[in-house]
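Can you read through this structure? Questions will come right after.
Going in written order, the chains are labelled A, B, C, D and E, and every chain counts its residues from 1.
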């Protein structure tokens, strides 16, 4: 099979699946599951086929014209290179296991047909982003993942889901606002949006790149990857089913922003990269703090996702800057940023998917109880889940030689090399990460059950457990190059910046201290199986600060209610009163008034009518006499 | 001072003006109608005067005078029909005041 | 006067060319006798009258009395009348109109307790006079014919003598008509006086003849320019004002709604269509004939008049609920558009064709409306308002359909003939540079939508607030009425798509 | 490395269609006429036939709706396959009596007309099918009026002659008014009249512009049609006047801000099929007219008015966008949304480049499909809940999954989600905007995508999600309601997936139409940086 | 002498005409109108159109005024209240304007010169009128006949007693 066909198959399989489900399997849950699983299987199979021999590692591009309007030529096409291969691998791999997990997790849901259809659409959209060879196509799928996310967040159709899904979509739209402007700027500046052509152009000349353009493109990342200040939708998105949180809001979609940065890394100026770095750092730090204010297991994970995404973004920014500092502005040097962020993206995909699935397993077991302080003691009831979850916690905490250790290390390293304050903040974040993950794990899994539902928890079926275990393994060993298929190895090997010499030791020490220290701290503060939050009790102010999430939601709420809606109502009022009322109705009214006057002139008495004739006589006579000539000239 | 055409025409114009003045002023249908007859007379006078003064040997003008014959006939018809309507209306309304004949309005 | 000359003149008295008119006149008289001696035929009177009109129409279309084919166009009867193609066209027009009016009259009289034969008698004579009027080439013919028509209308407007309103309308028409006749006559006298003045250049032998008058007005010498002579101008505007009364141009339009409302429906139709058309044709005759050289005065004057007419007609019809008054006021507005077309025809050679087309479509649509009105009206037909048409489409779909088509055409809505007519007139007006009138006319069309659609809406919808009164029953139209209405509506539709029957 | 992905399977079909088009030109011209005549014939036969059974009436109506739709699709297929370089095809010429004025019944299609033509056909089928199964009083008259509308619509977009183009539009418009007056929701009495007067005002101003154009160009001597006028010249002051008239006149008809207030009221009141046909198709008349008539002929006039046009279009987009957010009545909201989206199209025209115009056409095509779908679905919702006040509806999603799916899809399509046809037009307009002399316009223009997302998703959330409230009666969408909805959705989706289906003919025809005016376009649009 | 007669008849025309317009009693108006018609007839006589002068007296004074008087008696028309001041003032103003107009029209400088009185007056014998009516003006003459016919028919229609309607109506 030639590459184009394979890639088309990969892309179209989920679309076909979605179509089939929508046409035939809306009411047939089992059929829907089967079709969806089959699609996921095909994707994974074909991806693995590509990675293990089907593809020789040489970038492949194929495209067809999609639209041609007066010089605007948009095309649909595939660009398969190392980076997209890595992302393809992550998406298809994690995606497959989450499909499998969903089969078990969603077994009691009435609308499974819709769910699996949505999942397939998501796979389609996400793969589109991964494979897109140009920015417009990327934008199209970018929007489509937004749509599938919207659809799946809203799956339960309750008020919370309704609000959350709406919020997610609109927040993303805000990001896309800038994103699209950025893409259009690129189009008009370079005359092309093809990634390959852009790369070729930029390798020779980076002069046309502006900071504005880069920042506008980054707006898309702000939305999709939930960076500050557009992060607010992600925690709310937890209203969706847990597999969705795992797949879309942890492993793949939210990481698309980072992937996009990697795809277009040449379009960012150093100034833009500085901004990007600081946005990433701020997100990482703040989200880590906010995680302490949460009791809901998924929310905690959501904030941790935010924090990790901040890492990735910061890693991209600082990695690229590092490349520039260290190696001049040769474009290959910028790959350090790509490497650092993509590496963390990959490992994060494994362990965060794992953690979410783990939480899903727990929630499933606890009859949809999500408050960690009402869990406790689950290790006895759900040993496999606990082990897998522990693996995830250890990995995210950055325990040495586990996956996140390596990836986070690279980011910390470039931070240290380029931006000391950021380094300190990120290190602190690493500590906080370990602490709140520890809090989650210790409170929920250890100790004694704190509620009915926790007591009656039981181990989940194999469809749930198997994905957990697979992902646990990946989380543990995901930091090693050998784990990856041949074509992906260059990224991990040569793009990821590594500390050398004394730096290396220093970094190692700092990371180890932060991670282990964090876990220990978490245990000390919260203890095993606690039924209440100690910080909340002891230092309510601190807890309050974390819980407040720095009032972003309130601020946006205020804006929507008091500014946007008020403005909308004002405009509606203006529209009704002024345009429709005064102008249109007013004009009609004036005409009507004249009508009344004109009708009143018909008094009915001939005695008054003859005066009209007299007036006519005078007017006509005046014309004849030329008295009106001056008037008419 | 001999009497010229302008004098006749001026009389005619005055008659027309007074006729119209009466139409404007009066509200009694009969009087209004009489004033309308005055207006017709004004035209008769003007036509005859013009014919008389503008006659030349080459142009023995008859048209104006013949026209007057028609006008007199028309005036008679108009009066007949008009008075018939006025009487019919009077029979129904018992009024000949124009201000009171105003059912049709607005 | 020399008898040879008189003989020569009387040789041009070719009565055969007026055969259709003579037929109508004689038949009118015979009709009175038929009524007297053959009372059995009384119910058939309207059919007999229609038959006579059709016969006249046949005569005309066979070329009898028609300038076409005989080669006898131009002045006849010693210059009293003049044959032309346009005039022949108008004669056919009047015959067709009178067929409809006769039919509407039949429908109307069936509901009334009134004398029957006199109505048809009057219609026939007035029709014949209209036909003479449009051929007139001399102020005596013009005035006599016009007065004959006016006297006929005095009678017809007041025809419903058991109704105060009809008599009142008759009185109003009488006084206003007599006043305007007086003005017209005085104008003629002044023109006569000027044109016969031997000291002026181009003195006319027959000053009341249009051609000679035109020649006189066009003459100048070193001392005098007749076209700026005040007496000529004043005479001309007085004549125009007399015609403006017939047409209903501002400020001589004030009588229109009252008289239209009070007059019996067929007479309203007669006034609204035939009388107005005749007025326009006269105006055309004047503006292209005797007053052709007075453009400096007539054009601005009539431009102002057209604008005022368009505005007043449309505005005054707003909010009017009595449909006859609506028709009256909208008729004034239509007169404004026709006047615009007429003014355009002074500059654009095909525009008069457009005006005639407009008149045709206006007549078709108006008769459609009047037919329906005659059917819908109860015995008292002066007080028809929108409520009488409530939900007509449901009660009498045929009448409702014809009403909608006709009103649509009056409003100028595609695909009906009224639209094409308006379009052509507008194009002509633009071509002639009458931008101001055109602008006002377009605004007027928008305003007209209000009252036409108000009426149509009443016919389409049921007014829920009308419950308290007992719903009046509307009789189904007879087959003959259906045929006539169907033809009117079909013609309105056809001319909207296809205008090939006309040459412009 | 770039390879094209050919779609070889279609080649055979293409050949077949091309052969059909080439071998039977008269037949295809006849089809264009037939598409107009058939609905009118159906209407006429419903008028004149006496008592008919309900099903006979329905069949008769269905023929009148479906036939033109099928014809339009067939003609579109033949046109696309025939590779005509954007020229007019299937032309038909007849003198209807005004030939001496250069006014002929002159029909035909090119790539600009084609999308609108197909739109008219497809929406016509959907609206017709929906109308046929709806339970209204006086169904026969209802169908007659809709058929008249359909006939007019097919005529509007296949007319080459400009006055016939106008003629057909008015023709279809009148039926709309009657439909609103007789079958509308509460308030129809006033609304019908207001809308009628307002639109007549627009039509009259347009007519003034067209007459001015007719006389100024002297087109009467050559034939006053869209082909001829491309080669004519108008002096600059006249261009300003005429374009001003056309802009305001057409603007009123397309609900250009601030002449838009009729639209939401009309659509909220009109019966669904009328709203579908009007909002979906007929309203495009104005922009179509600008594209086909004003743009090729009046470049100077356009440059003169462009700044004003820009601000008005932004008014559509932002002010009406905000107004839309504040709406609580679903149909009013959709009406406002439709007004808002016209802002995009006007922006596309403002740019005055092949890209902008082409994108505006695509946008209009897609908008027509999506907005008619939305009105259809809103009506279905109203039938079930008895109200359109979104505050009184809630949580009906679980009871009506299919309806919800369709509605979501329609809303998302209308807010420009990729995968649906709307996206292409919008994105094309955005791209072209940045290439215009005032690229900053892109920023406020793009706010539109946020605004539309806000009101669109609010509506979905209000109606389908959350706590169930309000009355609900009737269950999920029935299959007879589903059929028209699916038809529209599929059309949206197909074009969304493969936009070249319509963009290629559009592109060719736009380039063909503006071939003589190329300097004006490039100079104005500053396309110099971007060629090929 | 001619001057005197002119001024006499002119006064006899204008003054009664004015009183006609000013009369509040219809009878007075009719009598004044009679005088005005006689005045006009006198002027016609001065213009040497004796036939028309006689006709004027016969038709107007003899027929029309009598008809008016007859009707006035029939409907017993009483003195009507005088016009309101505003109306009177306005009418007077209108009269002044019209006289001004008329003055301008007749004697204004822009007008054409008035020719002297020609020695020979146009023929005014009844025979001449008869000849022309039956030759040259036969058409309008016939038309006038029809006008008289419809006037007669019209008067009958309008003034027929309502009782007669029963027979004239539908049967």
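In this text, a residue touches a chain if its C-beta (ideal position, glycine included) is under 8 Å from a C-beta of that chain, and two chains touch if they have at least 3 such contacts.
Keep in mind it's a predicted model, so treat the numbers as computed, not measured.
Chemist: Between chain D and chain E, how many steps is the shortest route if every step has to go to a touching chain?
Modeler: Between chain D and chain E, the shortest chain-hopping route counts 2.
Chemist: Work out which chains are contact partners of both chain C and chain D.
Modeler: Chains in contact with chain C as well as chain D: A.
Chemist: Here's a test of the contact network: exclude chain C and give the groups of chains still joined by touching.
Modeler: one piece
Chemist: Counting C-beta pairs in contact, which chain pair has more, A-C or B-C?
Modeler: B-C
Chemist: What is the chain whose Cα centre is as far as it gets from that of chain C?
Modeler: The most remote chain is A.
Chemist: Would you identify the chain whose Cα-based centre sits farthest away from the centre of chain D?
Modeler: E
Chemist: Report the chain ID whose CA centroid sits closest to the centroid of the full protein CA set.
Modeler: Measuring from the global C-alpha mean, the nearest chain centre belongs to D.
Chemist: If you average the Cα atoms of chain A and of chain B to get two centres, how far apart are those centres in Å?
Modeler: 96
Chemist: Using mean CA coordinates as chain centres, what's the chain B-chain D distance in Å?
Modeler: About 66 Å, centre to centre.
Chemist: Could you tell me the distance, in whole angstrom, between the mean C-alpha positions of chain C and chain E?
Modeler: The computed centroid separation for chain C versus chain E comes out at 29 Å.
Chemist: What whole-number Å value describes the gap between the mean CA coordinates of chain A and chain D?
Modeler: The mean C-alpha positions of chain A and chain D differ by 35 Å.
Chemist: Going by the touch rule set out above, which residues of chain E reach two or more other chains?
Modeler: In chain E, the residues touching two or more other chains are 90, 94, 98, 101, 104-105, 114-115, 123, 128, 132, 137, 140, 144, 147, 151, 154-155, 158.
Chemist: Could you pull out the residues of chain B that touch at least 2 other chains?
Modeler: 9, 16, 19-20, 23-24, 26-27, 32-33, 49, 51, 54, 56, 60-62, 66, 70, 74, 77, 81, 85-86, 88, 98, 101-105
Chemist: Do you know which chain A residues sit against two or more other chains?
Modeler: 599, 602, 604, 606, 610-611, 614, 617, 621, 625
Chemist: According to the definition already given, which pairs of chains are in contact?
Modeler: A-B, A-C, A-D, A-E, B-C, B-E, C-D, C-E
Chemist: Using the touch definition up top, name the residues of chain D that touch chain C in the complex.
Modeler: Its residues touching chain C are 47, 95-98, 100-101, 138, 141, 163, 166-171, 174, 177-178, 181-182, 189, 192-193, 196-197, 200-201, 204-205, 207-208, 211-212, 214-215.
Chemist: Spell out the residues on chain E that touch chain C in their complex, using ranges where they run on.
Modeler: Going through chain E, the ones touching chain C are 104-105, 108, 110-115, 123, 128, 131-132, 135-140, 143-144, 146-147, 149-151, 153-158, 160, 162, 164-166, 168-171.
Chemist: Going by the contact rule at the top, pick out the chain E residues touching chain A in the complex.
Modeler: So the residues of chain E in touch with chain A come to 90, 94, 97-98, 101, 104.
Chemist: Quick check on the complex: what are the chain C residues that touch chain D?
Modeler: Residue list for chain C touching chain D: 350, 393-394, 401, 404, 408, 413-415, 419-420, 423-424, 426-427, 430-431, 438-439, 442-443, 445-447, 449-450, 453-454, 456-457, 460-461, 497-502, 504.
Chemist: Mind listing the chain B positions that touch chain E in their complex?
Modeler: 1-11, 13-22, 24-28, 30-31, 33-35, 37-38, 41, 44-45, 48-49, 51-57, 60-62, 65-66, 68-70, 72-77, 79-81, 83-88, 90, 96-97
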